[in-house]
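Sharing a structure below in structure tokens format, with a few things to ask.
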Amino acid sequence: MTLQHYLVISAILFTLGIFAVLTRRNAISILMGIELILNSCNLNFAAFSRFMTPEDISGQIIAIFGIVLAAAEAAVFLAIILAIYREFGSIRPNEVDTLKG
Amino acid sequence: MLLSLMIFIPLLGMIAVLLLPRESEELIKRVTLIFTLIPLALAVYLFITYDRSTAGTQYVHGPYHWIEAFNIQYHIGIDGLSVTLLLLTALLGPICVIASWRNIEKGIKAYMALFLLLETGMLGFFAALDLFLFYVFFELTLLPMYFLIGIWGGPRREYAAIKFFLYTLFGSVLMLVAMIAVYLNSNIVNGVAEGLRTFDIPTLITLASTEGHALANLDFQIWVFLGFFIGFAVKVPIFPFHTWLPDAHVEAPTAISVILAGVLLKMGTYGLVRVNMAMFPLGLDHFTNGVGFLGNSLALLGFINIVYGSFCALAQTDFKKLVAYSSIGHMGFVILGLAAGNDTGITGAILQMFNHGVISAMLFLLVGVLYDRAHHREINGFGGLGTRMPIYTGITTLAFMASLGLPGLSGFVGEALSLLGAYSEFKWLTILSTIGIVVGAAYFLWTLQRVFLGTLNPKYEDLPEINGREILTLVPLAILTVLLGVWPNFAIDMFKESVTNLVNVLQAI
Amino acid sequence: MEFTLKTFIFYGFALMTVASALLVVTVRNIVHAAFSLMVTLFGVAGLYVFLQADFLAATQVIVYVGGILVLILFGVMMTSGRLEMRIHIERGQLLLGGAVALALLMLLLTVIANTPAWKNRIDDGTELQPTTERIGELILNGPFLLPFEVVSVLLLVALIGAALISRKEVRD
Amino acid sequence: MTVSLISLILLCPLAAFAVFGLLGLVNRRFPRQDYLSTAAMLIALACSFLLLREVVPKPEAHTVNWISLGNVTFSMGFYLDSVTAIMLIVVTLVSSLVHIFSMGYMHGDPRYPRFFAYLSLFSFSMLFLVVSDNLLGIYIGWELVGLCSYLLIGFWFEKDSAANACKKAFLTTRVGDVGMFIGMMMLFAKFKTLSLYGEGGIFALSASQLTTGDMVWLSIAGVLIFCGAIGKSAQMPLHTWLPDAMEGPTPVSALIHAATMVAAGVYLTARMFPILTETSSLVIAYVGGITALVAATIAIVRFDIKRVLAYSTISQLGYMMLAIGAGSYVAGLFHLTTHAFFKALLFLGSGSVIHAFHAMHAHGHDDEHEHDDSEAHEHTHDQGDSDAHGHEHSEDADSGHILGSEIPPDQDMRNMGGLRHKMPITFITMLIATLSISGVPFIFSGFWSKDAILAGVLGRAMEWNSVHHYILFIMALSAAGITAFYMFRLIFMTFFGEPRNQEMHDMAHESPLSMTVPLLVLAVLSLPVVNTLWFNADYVEPPPQPHLHAPTHAYIAPDTKTGRTGLALSLFGVSEAVAAEEDAGHGTQDAHADDGHHGHGPAHTIAMVLSICVAGLGILLSWLFYHRRTLSAESVTTTFRPIYNLFWHKYYFDEFYDGVLVALTVWKARLFAQFDGSVVDGIVNGVGVVTRDILAAFVGFFDNRVVDGLVNRVAQVTWAVGGRIRRIQTGAIQTYLFVVLAGIVLLILIFRAL
């Protein structure tokens, strides 16, 4: 297993996450996409840590921080979703267009 | 260290206030009061322990590097002038908090927090020894003031707040430019750059009188003088930069008017003394002893302020606007005294700064008391209140008399010394300025008559007398007014040496 | 490259991860998507084990699977009525999104393939060492103490904020 | 000892006021403020007498630094010489008597304690003024007495007339004060000090430093300082406030506006004696002389008993100024002293009369037996004077009415008459004062002081051969005659004849003891012998006048001696002997005297004879007009209608001030305010608007001047483009994200390609 293996897996996860974010019409699906993106990042950190600086495990710690951030993000995101749902009766992003010019 | 403590304690207070729940209003007010009383105690301590026999700065804290790239330092210290004004500021702090106790109806938390921020800015301004720090504190007062007027003000508050903000900003931009010019030239000797540039005020003062230094160049000094002057002139305010003042005063809530008149105006004149006079004596000389029309321009501006402000005040029918215009007139005496450049004039001017701070604070508090009861300020709408509110009438009479320069009260000493000093330099302008004394008496007495004398307006038969809390805010100021009128050396001692020092610099030219 | 059991298991995890991720973005039923996401997360955890990151793997399982996923499922249940369970995708959007995603993937793959430092980089072959102690040392007694505290506060703030936002009655 | 005595004199009244002021803050009153103030005044009086024995005749000074600057020091201190000591006696004595009088007069007033507190403050200020050894101190006391005057004139401030009067008094005197302040600035700029006495004082410096080239400057400074006196002592042209000041309670008029404060101007001028030049002296003398004459003529036609006295005061103050301007220092100060007592007596007497009528009003309108003064005042004010008027000069009274100078019925002499039986003590004491002020010879003090002034002026005229001084002498002489006339007119109209208003007459009664006792004391003080207790010729020495140069052909006589001889006369009551003595004194003292001084002895005799003649003439005419009625005032009035109108309208000073000066000031203020609001602020707002709308303004300019259609096209295009671009703003996050990502990919591709 070389570094590139991990990077490719990570790249695929990332792209799928982006895809989900771009195409899904349901906010929770978008959240899942974002989780995928975050996972790919964490994977990258761990992989680089392992392959580039084997003695140092800082990358892993950053990945742990990333997980914490993801948790925080998910919590806030869902809270916002709930609030929006109450306000608009829907969580479809294209129906929430207050910013429309 | 003590000084830094004093400056930043209100800031701590602001954080404390912000952490308190918004509902517990009494607690917020008490906390604010405590955090304004601590600086007062410190200021009194400084005032007592200040060594009156030297002109140098004392209680110096720093210099510490702050922004090393530009050699900006945290450097504070006080001389006699600063300590006097610090005392004034620290005194007005708790007074204003008490004055705001009942009148602020909405958002007391934000109000008090902003007020504490304002106090930090003001205290820091009077103690800063680094030009950049000086500027930062100068601007720091601007923002809270904007919100305090714009949110808690009268019906035209937005207009007044924006006008105040833009006006001051306009001035301070010019000041910033001048400041940067000074900084860039601060290491040029005989056309060659050597050493570090600096913002340090004591250093700059020395450099500005060093032969061959770029700062000592006459043309340079003139331009930089102008830049700073306009910045401070807006704050003083000097004609024709004064029109923000009546609007801001009329719209601002009572306590903020008090701060505005009591302290913010003094920031302008303090800046004139600290920067324009001490740092650019050549530039000053050009506008006070020079040739031609510009040669007397500073004194001329003082004269215009006096006469113009007084006449405008005479025509006002809004009580608060009248007091605001009278401020313009009285600040004219400060300018006149400063322009004289001799020890009598400068001492008079500084004394007048302090006295005006005390007296105008009283006046605005008094207007506030009346406004809280009658909900209008139209002078012609009252009448005969003297029978209904004898104590209030008594205190108002005291304040009016102090303001119109009755001897035995503080207003007289500053005015008289300014005029006596100015007469030696500008004969005719000073003589003409005495018109202001008569007109000053005229508008105050006329107001006194229209509001308090005559038959009682039946509408105000039930107007309640001034209450204990309001008296509490006025009594310290009244005591100071009498004290300084009877024993002016009490204050003059503080800055005598500093003034002598300054006069020596000015007369060495 | 030797095709050992280890390699086999690695590829197994890799496939599991990628495939389930693909399911996450494609299935129409949101509950199914959530469960696919769970599989993905398990896959990534497995990959962490291959990267000698046992603590990270455990964290991944506990936090993600145990926390975030449950959160998401709650979200699904609270927001979706019976009818909202299915995901609608418009064709045009699908195409555009797919194109961009694909372009991005190609780009990334090119970068991965062409960066010299990353080429055929293999690990040092050390066996699995417990990292928990070292991580604990680094976080609680080392250079990461401050970030750790900051992140803790952040998490706290986020949770409080979330609780605040999602409360029913909003103060004026 | 001296210092502690003076401190005591100053601090007692101040403490009495402070008690009131401090308790007032918490809305409390000292239970007996009247006793407190009176006691303070009596202590001060006692101290003054002690001081008289202590100090005199050796002048003493005590100073402390008040403000010390780098190069300049302003000191505060006492200067004690005989003049100071005499002034202290006069002030404390009159003040004490007025305090006692007020206990009766002001009884029942709702602000009774406040009245005494104000009196105390006034006494303090006046005493401070008197003992100050420097101009700044004098100025401080000067303004403070002005304040007290303001407060006391406006004591019944519910009356609009009182409110107007107090403001007018303060402002008018302030105009003079500004002149004084300018004079002080001139002196300060020259000498760098405001102290008067001692080595570094103005007098010593001016004597040693000034040359003949400085005389113009010094004259101007002197006249400017005198401006302060013009304001305070109600000299022409700033005299108009004093008659109006009669709106204050009568004891106040007696104390402040007759005996002490208004005399402060004379005192100041006397203090400035050493720096007066011949020009400034002449100006002072002329101002005094004109004032004396003009005010006397106005007094003839007044009907308000207090206004008559007010104009009489102005006139007498003019006399004193004239004396000092003409160099009769001692005579001027002597007249100040005697005038203080007899004029205070006249005012208190009139107060007694008014009080009697007052009480009537209170009785007439309510059944209360408490005399509520303020209430009574309101009644009288409301009632107006048209019904209560007498029959005389009714049309002129009406024109007065239009002018706003309404006479309260209890002060209108046309309501009085025949009071001598009702109020015997008041009558006797007032008669003594009137005899004194009219210059009835020998047993009344006024005669001696007035005679001293006349002799002094005539003496100088003869010595200098100066036309000016002859003119001044004639002015003074005519004023003396007119004074006798109108004072007896007052006495006849008030106390003699038939009661003109029977209802009021019936109610009138003698005043209580607290009021009559001060009257009696003052009557005794109007006798010359008593005055010599403190006004002793042995130690009132005129200071030298180094800058006063007589015309070259004339001899400078110390004609101030005249004043002293006048005193000596008063002491011994034998005129011939003293005249001879004086002549002899001159001979020995000025051995080198040339022929000019021979006129001096005769000057005295001539002056005395003439003054007795004019006084007699005045009294006789008065008797014929107002008692015997052999001559008719109406017919004279009709004959000299224009002159009468001039007098009645007070030479139109008030009309001039109100119509021109005040209107001009107010107009100017409005103008400035309007300028401020529209022009200055307009510019500011304009700049703001221009800055804000600079683009719009620019487009507007383009629109108007260049191509209208093009601009419209631009606008349309802008509109259309905006409409298109607006659509990009979908509001959907995903779209934004899509664009962002696409952009990133594109950018990376582009840069990799490069």
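Going by the order they are written in, the chains are A, B, C and D; count residues from 1 in each one.
As a convention for this text, a residue touches a chain if its C-beta (ideal position, glycine included) is under 8 Å from a C-beta of that chain, and two chains touch if they have at least 3 such contacts.
Note that the structure is predicted; figures quoted are calculated from it, not measured.
Engineer: Enumerate, in label order, the chains that touch chain A and chain B alike.
Structural biologist: D
Engineer: Would you pick out the chains that touch chain B and also touch chain D?
Structural biologist: Both chain B and chain D are touched by no common chain, going by the contact rule given at the top.
Engineer: Between A-C and C-D, which chain pair shares more contacting C-beta pairs?
Structural biologist: A-C
Engineer: Using the average of all C-alpha atoms in each chain as its centre, how far is it in Å between chain B and chain C?
Structural biologist: Here the centre of chain C sits 61 Å away from the centre of chain B.
Engineer: Where the centres are mean C-alpha positions, what is the separation of chain A from chain C, in Å?
Structural biologist: 7
Engineer: Could you tell me the distance, in whole angstrom, between the mean C-alpha positions of chain C and chain D?
Structural biologist: 96
Engineer: Using CA atom averages as chain centres, what separation in Å is found between chain A and chain D?
Structural biologist: 91
Engineer: Could you check chain B for residues that touch two or more other chains and list them?
Structural biologist: none
Engineer: At which residue positions does chain C touch at least two other chains?
Structural biologist: Touching at least two other chains: 93, 96-97, 100, 104.
Engineer: Which chain A residues sit where two or more other chains touch them?
Structural biologist: 18, 22-23
Engineer: For this structure, enumerate the chain pairs that meet the touch criterion.
Structural biologist: A-C, A-D, B-D, C-D
Engineer: Quick one: in the complex, what on chain D touches chain B?
Structural biologist: Those in contact with chain B are residues 21, 24-25, 27, 65-72, 136, 139-144, 147, 150-151, 154, 157-160, 162-164, 166-167, 170-171, 174-175, 177-178, 181-182, 184-186, 188-189, 665-666, 668-674, 676, 680-681, 683-684, 688.
Engineer: Where on chain D does chain C make contact in their complex?
Structural biologist: That would be residues 734, 738, 741-742, 745, 748-749 of chain D.
Engineer: Which residues of chain C touch chain D in their complex?
Structural biologist: The touching residues are 93, 96-97, 100, 103-104, 107.
Engineer: Looking at the complex, which residues from chain D come into contact with chain A?
Structural biologist: Residues 726-734, 737-738, 741 of chain D touch chain A in their complex.
Engineer: Under the touch definition given earlier, write down the residues of chain C that touch chain A in their complex.
Structural biologist: Residue positions touching the partner: 1, 7, 10, 14, 17-18, 21-22, 24-25, 30, 33-34, 37, 40-41, 44, 47-48, 50-53, 55-56, 59-60, 63-64, 67-68, 71-72, 74-76, 78-80, 84, 87-90, 93-94, 96-98, 100-102, 104-105, 108-109, 112-113, 117-124, 126, 131, 134-135, 138-139, 144, 147-148, 151, 154-155, 158-159, 161-166, 168.
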